[in-house]
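Note that chain A is present in both complexes that follow, paired respectively with chain B and with chain C.
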Partner chain A sequence: MLGACLDLIEFDMKQSESLPTTDPSSTVPAPGDRMTRAAARQLAIYAAVVVLALVVAMFGLNYLASLTSSAAGMSREAVDVENNIITSYLREEPPQMNSMRSSDAISSMVMAHVMEGLLRYDENSELAPGVAERWEQDGRTVTFWLRDDARWSNGEPVTAHDFEFAWKNVLAPATGSQYAFLLYPILNAEAANNGEVSTDEVGVEAVDDHTLVVTLETPIAYFDRMVAYMTFMPVNQEFFEQTNGRYGADADQMIYNGPFIMTSWVHGASMQLRKNPYYWDADRIKLDGIDYAHMTSDSNTLQNLFKDGQIVIADLTSEMLEEAMFQRWPLSQFMEGTTFYAEFNHRPDRLTRNLNLRKAMLLVHDPSELVNRVIKLPGYVPAETLFPRWVQGMDGSLREEYPLPPLQRDVEKAREHLQMALDELGLEELPPLVFLSSDTPVARIQSEYYQEVFRRYLGIELLIDRQVFRQRLEKMTAGDFDLVGAGWGPDYNDPLTFADLFASWNLNNRGRYSNPELDAQVRIAQSSLDPQERTDAFGEIHRIIRDQAVIMPDYERGYVYVTDPRVKGIVRHVFGAETDFTNAWIDADAGEEQ
Partner chain B sequence: MDQHSKHPSAAVVPTLRPTDFEVLGTQSSAPVLVRPSRSYWQDAWQRLKSNKRALVSLYLVIGLILFTFVGPLVWRVDPALQDIDQISLAPGADRRALVVEPFSAWDGVTEWQQSQGQSGLRVADSPNTQSVRLKWDASLTAGGYLVYRNIYEPEGMDSLGLPLMEIENPSQAYYEDRLDLQPDVYYYSLVELNDNGQPMGDYQMVTAEVRRVITVDEVIARNLVDDPSALMPGDEVMLAWHPLGTDYLGRDMLARLMAGAQVSLFIGLLAPLLFVSFGVVYGATAGFIGGRLDQLFMRFADFVVALPFLLFMILFQVVFGIGPGESGIIPMLVALVILSWPATARLVRGQILQIREEAYVSAAKLLGASNKYLITRHMIPNTLGVILVTLTFAVPTAIFTEAFLSFIGMGVAPPTASWGSMCNEGLKTMLTHPHELIFPAAMISITVLAFNLLGDGLRDALDARMRSSE
Partner chain C sequence: MWLYTLKRLLQGVITVWFIATATFFGMHSVPGDPLSGERATNEVIRANLEARYGLDRPVTEQYFIFMGNMLRGDFGISYTQQNREVNDIIREHFPVSATLGLLAVLFAAAGGILFGALTALYRNRLPDYIIMFLVILGISVPSFVFAALGQLSLVNVNNVLGFSILPVAGWGTVGHMLLPALVLGLGTMAYMTRLMRSSMLEVMSADYIRTAKAKGLSPTRIFARHQLRNAVMPVITVLGPAIAAITTGGFVVELVFAIPGLGRYFVQAVQQLDYTVIMGTTVFYGAFLVFMVIMVDLVYSWIDPRVRLQ
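Let's look at the complex of A and B:
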């Protein structure tokens, strides 16, 4: 009896051991087995039907999407040799194509293809006559003589009145143009923009159809360089009034005077440009059309599109570089002309107002290490100062004419400055500083690198405040930071666009740096007509910014990009169109060699 | 007995003596049918042990806990330390480096012996990972130069590789390349440009075999050798060892994984513990008391279920006033606890309602058992299995949530690592440095899988109905 009992227990235990490891279905008693199998078969059939239906639906929807897609009717090839059309992309949808209100780089790029101002940039990025045949500056008066054969895309001539109308409209407070300040050198422009005087009193006048006379507030040396910017482009008054405020919102709500016209604009998806037969210099334009068939800024997508032969140009990230070299694609470099730097907060309640602290931090900062070993992106170049290398002095680069000692890490000296700063501030130890940063991949790497550099060499803790662009801008304006990762790109082709950034009155001077010495130099640069005097002033500003450690320069941004070997003559400008196809042509033979 | 009664006469007439009435003592020879007694827990453990999947998962979980808490004591590397010499290094890469003098800027004039007297494009100093110095003969006709670098041998003007720098000053006939130099062979090409920046003529090419180097200062700073004073330029040292490689800032992956595990397990264990216990108390109260209170409690639970998690997460970050550079872990914990308890509460309430109606509970009540007795004797033991299983399944969910929130940048603040944020960082370099993504992703997967399988095994083991004794 006892033995039997133990057996029973053992048997039980065996069963219990086998239970969890075996498949639950096998423990179902035998009579139900057939039913289970039938149910399983039914389930399998259902599953197969569902999967099949989903596959069919997927292909069906894909087909429907291709029928209605924006790219319908556009060539799917990067280069359409037969129709002489190339396909490219836009980084994002232009908010609008109203030249009087636009302020972004994408609009500016499209605008440079479909519109033309008084002056334009040629294939060497030099200023060339556009609608204006010639121009002359005499003190405060600038006169532009317009060519006779410039026409709108409806056949009407482009006249000086179109410019006068556009410029006055930019300044009209009702227009609300963000870039109205670019016109402030013109007499009464600022007052008109603030609503103090009527726009009729602004110093721009069409003397006749082909002569435009501009009176300036004070004589400035760089006005001709400004008028190539899109804010200065002409607008046909009659057409503008017809559109009832929808000017520039759609392809048919605009008329064009540039090398191309926009024939279709599917918002958020694509844009189609075709050659403008009325353009005065139509012989120069060799392409018959440009299709912007994609609107995306995702670099991986763009690189894949290029690889698939769907776009003619793409910027490369370091991930694709090796592949690009392996494929033997022709690579080019383009310096965007912007400088990125960490800006200190100079407001009185901030520790970073202390010069020795700023100097200490600048002394451990090594832009070369940051760019070459940490960011490692092709096209990026270490920055030495606020002024990028393209900024010209008298003969050569401003930087070479007014050289500064290279930025080199000197930990000992930095620690001395830090000690002095602590003594001046009456602190034993420095509280953590807030580094306001954006949320881009580069900014992320940069902020974490900074965190480690200041911790390792100076023992300064850095708190990273990562914000999206708009939020960051808000915090920058409010002064809610100790250091901020910022960048500045030129608005017009003169060193002043960088030089006045840290003038005490400039609203873009987010750190509120204020130095009468620097302000005085900015005033000289603004008002002087003597190139040497201006250049000296720029050199002095350049030196003050370094000596006072106003910023910590990081890098100048550039891109390495790849182009389709069949398309020649693509130009990338610092000003005007970032990617300019107006001088491009298709060389079908070049592709066959590849 | 019968025999005794049949032949009484044949035998001696029994006489009863007092000794006959002595107590014999307790009889213990009767067979007792019992098996070794095992408690509920012993039984459950027995079943868990026999479930191989659950057992392996259990070992994995134990291993993970050791990795998290003992690991940092063994692998004493600062997870925030940036090793600029070894950025994005795959595991098992070559670590040898030559010791050289500290880097100093080059004037473009001095040249090493080997290239003196040479003409054309040439390497002007020993090429190493600090810099590659190129020199060429200034051209009188050129308006500038363009320097290219390639890792494959160029085949023509179109395949020169990466354009490094456009030099606009024709008298500057040198260039110092420092961009992301790896120990490898590079092909440098030089193209002369005309005044408009267009290439003219053919290209010149030179190869440079770059060696990995390190300066004495860096050797001392990183504590790579025992006796740095004996170190001479030209000596070979081994760089710091990173068994799982480094990330995009040269930080040790192993140390970061351990640091990340602390964050993950902190959230993954503490949050379920808190919300399950709250859910248990809440659900048990509702179920036990019943009536209108039950209605009220359960409708409130329904309301909490309807709250969107992500939105709440963001609101919590705001309400908590998470400033710059502060970790979002505490608000994440609070949000998880506040929003995740209703599932447990519902489960426990259901269980309690069911048990309340059982016959043995009614019997206990009839026998006058107090509420306290009912709860401690019947309710808790019978719901414990469910609670434990919920807990084990809640752990992987919480770990996953933490990883997800860190992935989208709402979790830890840099430089603290978390598996989720490491995945996010690794994603960007997935094609070139896959190890930065694979390791944290594998850690998340393994942990979540282990906890899930363990939970599965526990559910089987703790299920009272499957007790073998029945």
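Let's look at the complex of A and C:
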């Protein structure tokens, strides 16, 4: 309240400074204009009264504002050394904090702070034991042994039953979980999700309080890598049932088993996390709290908040990058792990089903030109294939182990392919193609770039069909496009999360690409337990997607970001928390106050 | 007077019903639906979700169900925030927008009337030229430009001073509101300045002003009693719609200043095709707008009985 009063006084001063225009002394009425001068004097008096009334009104509004929200208890400083709390932001409001139904990155990030699955990601983004102390896979059977000291925030122990309950609930058709498909490797999971068998038949069983046995449909090599995802997190059945369908709707409608607990959640405004004393590894957690004090996706606002010392981390736009370098703020780069590309429509009635046409278009496409000269955002990297850089082969990057020639513009060869395509299609000239695009700024310039490139080098006209999110999805699913700007992010830490995207049965294969050769490789990658055999299959899929020009790769998305010099140990993961504060600590002496 | 009030209220109800109906069918005719997500869902899950939200029924049946629920004041549950009722969203976020809007309107009205009177007094002289130039700027530059510029200037001022005179973004105290409210009210302030100026000039040449001068009244009295009072009438008329417009139109300002207002939900609901939130916010805002217009009409007819007779 005191701070607010100070603000008021500041404002009052500002107001009276800006008002002299209404003050007769500063203007010079024509001499002898008695009417004007007298009236202006009267007006100045009114102005003074109005300013006074406004100030009084503001006290009232201050009271109103404190009723409607919530900055109460929120630190206005990025780093609160005394209480060992840092302040950050959320790009959006999490739609809900119900791990069984959530599917978005923001929920996943918060979830990684307040909940813990069987496994978790450590400070090097490697899998580490979470609630499970150890685990073992023997063919179709995976056994997890849970630690004794894992506790819910109400003091109850976290047991294998909590996992069994959550997983079966995810699969129950009535739950309608979008990410239920992640559990499909489990025996009868898909059938249960389709309502064909009861969820009791699903191959997950709590043998005792601390042993969880999972039976898989077929042996797969990557199951342990999936269980760190939020869909696999535990839910306490007793608590869930007493929330009466509102589980995860508010801070007090959940219980937590992660490093932090949520102490308040003001919808659309803020979230407050505090250290969880019941967490089994509480010694590892150095921060006492995290305040997500702002919810906005506006990058300029976030940069301004960072500059004003109110948040500890912010992604940079190119304008701000120069200033950050000048100020010597600690800069880092984070690759989100996603790939963006233009997907062809492979349905039989489409011209883009013609391989030579696709090859011609791919041959004039130059991702580095698109990224470096058109998009020009810090952190964006030209894409070469569907698989982003982080995807691992046997020892190093999959892309390096199975190299492809770089994408280079070859107009002559492209025109040859175009001619062949026209001959095959029996056309004199190609009719305009439809490019379905989203309405974001990047998609906008990207679609215009495509339009220009194809017109200039191949004489192909591109009609841009710009749609907002849901409409674009609808048109993608219906196949109402020739080319569509799309992107894909990983769901679990295995190359398969990208590799099965263009399998003919995958519902997310919205261009309906269908190739038995590729399908066969996907089957091998899914079912084989031999790492070398799987990696070879991935390499083959990688090659087919290029050779058959299934997509035109555009960019891998990343960010250049700044952090407050006093906060150390902030980690950004491709999986789990996009921004992870669980390993962070405050070093008050590091870096001068900005 | 009672008959007039009743008539206006009835017209208002019909208008709101029309808004609701048009929005409902418009929304359902747009391709796409609120249940589709980035990851494709299989048929069974989809069917389950559709049944849960009643989307499996014919649109006309859905319309009657919706109307029935609306009459009981229930707008249902949001599709994107699956555990929140639309009523809760409106109840929690509208007061924020309203508080911000109130301050913006205060700024707009106070500034508009004072600057308008000033320009009229000094017409065709320097203060007039300066203010009218700013007015044209205020009307033609969109609010997101002012919002971004205002915020950037504030950051720089804070940086130079070494302490924070006003918070850059967020919500909770009147300090958070000052800059956003100013930005939000700027367009209306400019518009009101122009209105006030022309209205003042019109009054200046009125017969009763000449009479007042001839009677030998003091210039202060003529200005305050006769000129200002009469000139302010048309400005008050636009205040009602202006309050509604400012309170409902703050989406961009709310986004830039990270304010948890209803405007954000209103716009995002349309992008996300969140049927229940679209209906809830549209009907609520529609009713609010209609109510403000009726209020102005009633106040006006009370002040000026000629209006009632038309």
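The rule is short, and it goes like this: the second predicted complex is superposed on the first by the 526 of 594 C-alpha atoms of A that agree within 3 Å, B and C clash if a C-alpha of one lies under 4 Å from a C-alpha of the other, contacts with A are read in each partner's own complex, and residues count from 1 in each chain.
Note that contacts are C-beta pairs under 8 Å (C-beta built on N, C-alpha and C of every residue); 3 or more make two chains touch, one makes a residue touch a chain.
Given the structure is predicted, the values throughout are model-derived calculations rather than measurements.
Within the superposed three-chain model, A:396 lies in touch with chain B and out of touch with chain C [touch as defined at top]. Contact with chain C, but none with chain B, is seen for A:508 once the two complexes are overlaid on the shared chain. When the two structures are aligned on the shared chain, A:54 is found in touch with chain C, with no touch to chain B.
In the superposition on chain A, A:322 contacts chain B only, with no contact to chain C.
When both complexes are overlaid on chain A, the residue A:378 reaches chain B alone and has no touch with chain C. In the superposed model, A:449 makes contact with chain B only, not with chain C. Between chain B and chain C, more residues of chain A are touched by C. According to the touch criterion, the shared surface of chain A, contacted by chain B in one complex and chain C in the other, consists of residues 21.
Chain B contributes residues 31, 33, 35-36, 46-47, 50-52, 54, 80-82, 84, 87, 105, 146, 148, 150-152, 155, 157-166, 168-169, 178-181, 196-197, 248-249, 323-326, 409, 413-415, 425, 428-432, 457, 460-461, 466, 468-469 to its touches with chain A in the complex.
For chain A in complex with chain C, the touching residues are 3-4, 7-8, 10-11, 21-22, 27, 29-30, 34-36, 38-43, 46-47, 50, 53-54, 57-59, 61-62, 64-72, 74, 76, 89, 93, 95-96, 98, 101, 103, 173-174, 176-181, 193-195, 245-249, 253, 266-269, 293-298, 300-301, 304-305, 307-310, 468-475, 477, 491, 507-508, 510. On the side of chain A, the complex with chain B involves touching residues 1-2, 5-6, 9, 12-13, 15-17, 19-21, 123-124, 318-322, 325-326, 328-333, 335, 368-369, 371-374, 376, 378, 381, 396-397, 400, 406, 408, 432, 434-436, 439, 441, 444-445, 447-449, 451-452, 455-456, 462-466, 560, 565, 594. Those residues of chain C that touch chain A in the shared complex are 30-34, 36-42, 44-45, 48-49, 52, 80-84, 89, 92-93, 95-96, 99, 102-103, 106-107, 110, 114-115, 117-118, 121-122, 125-127, 130-131, 148, 151-152, 154-155, 158-159, 164-178, 218-220, 222-224, 227, 255-258, 260, 264-265, 271-273.
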